[in-house]
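Going by the order they are written in, the chains are A, B, C and D; count residues from 1 in each one.
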Amino acid sequence: MINVGILGATGMVGQRFIQLLENHPDFEITALAASFKSAGKRYEDATNWYLDNEMPESVKDIKLVETNPSAMNNDVDIVFSSIPTELAFKIEKEFAKDYVVASNASAHRMKKNIPLVIPEVNPEYLDMIENQQKENNWDGFIVTNPNCSTIALTLSLKPIVDNFNVNSIRVSTMQAVSGAGYNGVPSMAIVDNLVPYIGNEEEKMETETLHLLGNYDGKNVHPADFKLSASCHRVPVIDGHTEAVFVELDDDLNIEDIEDKMANFKGLPQKLNLFSAPKNPIIIKKEEDRPQPRMDRNAENGMSISVGRLRKDQAIDNSFKYVLVGHNTIRGAAGASVLNAELINDKIL
Amino acid sequence: MINVGILGATGMVGQRFIQLLENHPDFEITALAASFKSAGKRYEDATNWYLDNEMPESVKDIKLVETNPSAMNNDVDIVFSSIPTELAFKIEKEFAKDYVVASNASAHRMKKNIPLVIPEVNPEYLDMIENQQKENNWDGFIVTNPNCSTIALTLSLKPIVDNFNVNSIRVSTMQAVSGAGYNGVPSMAIVDNLVPYIGNEEEKMETETLHLLGNYDGKNVHPADFKLSASCHRVPVIDGHTEAVFVELDDDLNIEDIEDKMANFKGLPQKLNLFSAPKNPIIIKKEEDRPQPRMDRNAENGMSISVGRLRKDQAIDNSFKYVLVGHNTIRGAAGASVLNAELINDKIL
Amino acid sequence: MINVGILGATGMVGQRFIQLLENHPDFEITALAASFKSAGKRYEDATNWYLDNEMPESVKDIKLVETNPSAMNNDVDIVFSSIPTELAFKIEKEFAKDYVVASNASAHRMKKNIPLVIPEVNPEYLDMIENQQKENNWDGFIVTNPNCSTIALTLSLKPIVDNFNVNSIRVSTMQAVSGAGYNGVPSMAIVDNLVPYIGNEEEKMETETLHLLGNYDGKNVHPADFKLSASCHRVPVIDGHTEAVFVELDDDLNIEDIEDKMANFKGLPQKLNLFSAPKNPIIIKKEEDRPQPRMDRNAENGMSISVGRLRKDQAIDNSFKYVLVGHNTIRGAAGASVLNAELINDKIL
Amino acid sequence: MINVGILGATGMVGQRFIQLLENHPDFEITALAASFKSAGKRYEDATNWYLDNEMPESVKDIKLVETNPSAMNNDVDIVFSSIPTELAFKIEKEFAKDYVVASNASAHRMKKNIPLVIPEVNPEYLDMIENQQKENNWDGFIVTNPNCSTIALTLSLKPIVDNFNVNSIRVSTMQAVSGAGYNGVPSMAIVDNLVPYIGNEEEKMETETLHLLGNYDGKNVHPADFKLSASCHRVPVIDGHTEAVFVELDDDLNIEDIEDKMANFKGLPQKLNLFSAPKNPIIIKKEEDRPQPRMDRNAENGMSISVGRLRKDQAIDNSFKYVLVGHNTIRGAAGASVLNAELINDKIL
């Protein structure tokens, strides 16, 4: 068993980490860190538990520590980080001196030699860890996962990009409120309403996706060279991001061929049979009105994305469209970091 | 004063007709038609009033008649139709023998010689009425307005199409539940959820928009020749459709120029100062998170559309993006028919 | 293993039956009945699956039969019924000639010699089965469970009624939309709104609760003699009924004493260790803002009710107040019938 | 014209003040105050306008001032206060030295000699102003209106209390999110959920209602002597509080008699024909499923409450039940203060 710690343990993504790591065969939670105001309290006493399943008994009595490396138990090997990005810039580096940091924060995602990874998409980016350690003189290292809406999109695109020549992609999102954190979206903003703006979200989707689908030459990442434009919107849904995707290829296409490539897509986590890896990263829905966030967000414990309404675009040559749903705080956040850690555990540790 | 009748008077769009025609300077409601089950009852007794303002006193005592021409008062000149499309095919033709039919139904929208009109966009299509009357040997005629999501999109595109060369458009909608009728969307389908499918909606948007933005040569309509692809979704909003629009032009663009053309767009209804015409068909919102349906659907009594987040597409050449909100049962339905009737009253009757 | 059938198998409560019976240690689904339109189809083909977990593989290929006794497999012993009440009057009697009918329909709830049972509350009412069989000359029999809002209320009241003299109870409900069936509540009725009326609900709560908390003398049920008044309201929540309860006792009270009786309440299902029995039928929540439907409806697989805000009434003598949440389609419907069947299986079959 | 100022002008209730005072025949807004961070800015620039009608042109250019008396224009006579209660304790007293303060804050509601008033209910409490001014040596004075849920309840009870002997009342509320301020209720707390707790709300309802329905003997208020118990809950509704009310009288009752008293209730504002006074403070709804917040909150510009489901309690002697809806930020907040000011303007200034 590998001992793990969680930074930002009382927050929404922190709670998902706890949920996903309960009964994990390889990882055991031995340290929970939070803000200095909560440090010293029992986890149960300090935490307003947001999830609709019960807080695991195993964490209730853990005493929260402050978010710095010296507060960790010596025996922790991996820390999962869901701290706010503005804090993550500094703190994650401090942890990386000694620990493996599997981070959901955006602070280091696009930094040189810090792998931004989806295990089914670009596991080879882990190769940059060696350079990272050398450059910084660290014993540990940082690995990051993408933004929630990016992960779902990129997973759906991987079999497309691998098999066809993509010219351009437009994506319009309908994102769940949990993506903004518990206090992120006031109910006054979203009941009988939607908000057609999410700060920095379009920029993250447009850059991270191309970065993930690019290639790493041992020194640098060369982003994928198709064009990607996003429009991001918040809707009154608790969990589960929905995305309408318009894809234009360079050439004519056969929609059954595309469906086949998506339906049969498997990545390294499936080959390695990693604990959190879904059997099918992409589930094809055939009903005319699916996927839907409330119905499909929990597919394969929230680790699969669901793709539906896959159809040839009748109006635009060489084009097709689809709709996807992915669980934003599982596959899109905590589950992404956990799967990264499982891959690291299998390949590196 | 012109006496008008309403077909489908007890339904959601029928109620909007009543709301909009209360205190109308030119039209007076003298006949309300509904299904044979309601015929003979007082309007107030037969109607489950859905709107959040009160039922006008003036209609409460009107006795509902059956939906056929002989049941109309002789002195009715215009009938507004919001009957279900499958009934509209036959019934609207019967009415057209003697009456002007301003229809919100889709039955006759794309039929030869039946004008599909947005007064700000293609008022010249009314010229086909003469042919319609000749061909059918009718004293009256049918004029139709487009689908709710089409109207908002097309209004926003008119100043673009008039001033720039459009190559292609992708639009992703987030549509209000009222668009499906009172019983159209069960709450089980939409609370903490969205439905990424609306039957026939994408087809209607793709064909009607090009038809409206095309030109009529005195015999036929030549649809606009850019490419238009739609993805339509239902969200938990009562009224107000939101649409994310991706536009690709043939040439480079200046975003201020586009904003200027939209902000200053006026059409014939504004020149004629028609009663229901908004001062500005398109209102430009400058806040980063607008337009929003609950906040912007009622702009200019629900007859303006609001456009925001107008921005150059950083990822795709010659492209820009924006978000619009339009009131689907006012500008997108009853108000559209009323404005059509006002234009007809001004130009033809 | 006992073979069971489900009547109304494609509906919302029918789907919950399937969910709850998957992996059941004593019951195996061998027959699924639906309307004649669906009869003959595979379950998967005929059913619009509403639940957010996947349809169990084991039922997908079962061929639906019509809802009459001759269509059942001979080897079925128990049928679970969630057919509409107006059909249940006749059909359930036909089934009772040969089968045990565990019904969630209201048709026979208050009928002489037909036990209306919550296993934790009044298991002794099963004694009336003998009379039921004799009178009707049936080999099978009917047992019913109460209305969804009644079950949660009555469970919470059982330890009160057993230990204190109740004078009167007022209850105000905030009920989930799933209680009305999939198409029961249009989204137009409930987005940014609530509906302060549910047909017959108040009457059911007021009569069923007193019936359940009464006593059976071997011939008749003598209802409990306190006064009970209900006001029922529908709110925009998918699953989970919330009820605000005002209790007036005959005598002064100690609130810790009441909490203690509720927290430690166990019934026969707990003693018998029935498969679906929750460890604690009543869970006491101590947070000031709980229970909440989304957070607490799934407590103990949806079979426990959660009680919170238990407080002495400062304004009214001998009174206290509390709020409860119970899962309306699990503990309040399918789970209630299943627990009834488990009790019958243990005590009678 | 009387010049008025608004304290807390950029907040939700502040915006309602502006909406209600636009086009007011007697009051003209000449000063808007906000926090020191906003002071100096144009109102339009400092304000995130939350209402679904447009910000009035007349206030856009007003320069915000700090919230202290010296910052007011000399010529302001009345200040409307919607500042947070913790600030109101001190600040409103400072203003009262020179100005009439019509406050929606709770700080001074239950203080000796400070009238807590609903003009239809207890206008005679204004008599205590004289004592207030003497005691404090103030030229101005403070008058307050009750909590939002209290106002609606008390209005509905006034004709009951005036005509019948009330023994006890239980009220269970379903309150809109706007009552908590724009950021008060996170969407994570309320989508597919409700929160059965509102801090201090039950205490306010229980004390303020009895205070308002009591009598003032020239020195002290003697609260009404019936018993009142409240249970308060937050539901996913934007505006409009719904309350289920259980009333027990001392004697038998005739429900038509009660309806008649409520339907015909008029107070002093109706007699004086005050500008904001609704024609009928209580509107009786006869439909079985009304009142509903989205449909009825705007009755008479949001200044009437709607009462429905008025029915004799079949279970409890001498009792009846009803449901009411009132607009919480109009009748329950800004409109209440404005009506108070209109009454003061008519009777005192």
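The rule is simple: a contact is a pair of C-beta atoms (placed from the backbone, for glycine too) under 8 Å apart; a residue touches a chain by one contact, two chains touch by 3 or more.
Given the structure is predicted, the values throughout are model-derived calculations rather than measurements.
Undergrad: Which chains contact both chain A and chain D?
TA: A chain counts here if it touches both chain A and chain D, which gives B, C.
Undergrad: When the contacting C-beta pairs are counted for A-C and for B-C, which pair yields the higher total?
TA: B-C
Undergrad: Would you kindly say which chain has the C-alpha centre located farthest from the C-alpha centre of chain B?
TA: Chain centre farthest from chain B's centre: C.
Undergrad: What is the distance in Å between the mean C-alpha positions of chain A and chain C?
TA: 40
Undergrad: Please tell me the distance, in whole Å, between the geometric centres of chain B and chain C computed from their C-alpha atoms.
TA: Result: the chain centres lie 47 Å from each other.
Undergrad: Where in chain A do residues touch two or more of the other chains?
TA: Correct list: 50, 189, 191-192, 236-238, 294-295.
Undergrad: Provide the residue numbers of chain B that touch chain D in the complex, in ascending order.
TA: Touching chain D from chain B are residues 50-54, 191-192, 238, 294-295, 297-299.
Undergrad: Please output the residues of chain A touching chain D within their complex, sorted ascending.
TA: 12, 50, 177-178, 182-192, 236-238
Undergrad: Quick one: which bits of chain B touch chain A in the complex? Just the residue numbers, please.
TA: Interface residues on chain B, with respect to chain A: 168, 170, 172, 174, 189, 191-197, 206, 227-229, 231, 233, 235-238, 242, 244, 246, 288-295, 308-309, 313-317, 319, 321, 323.
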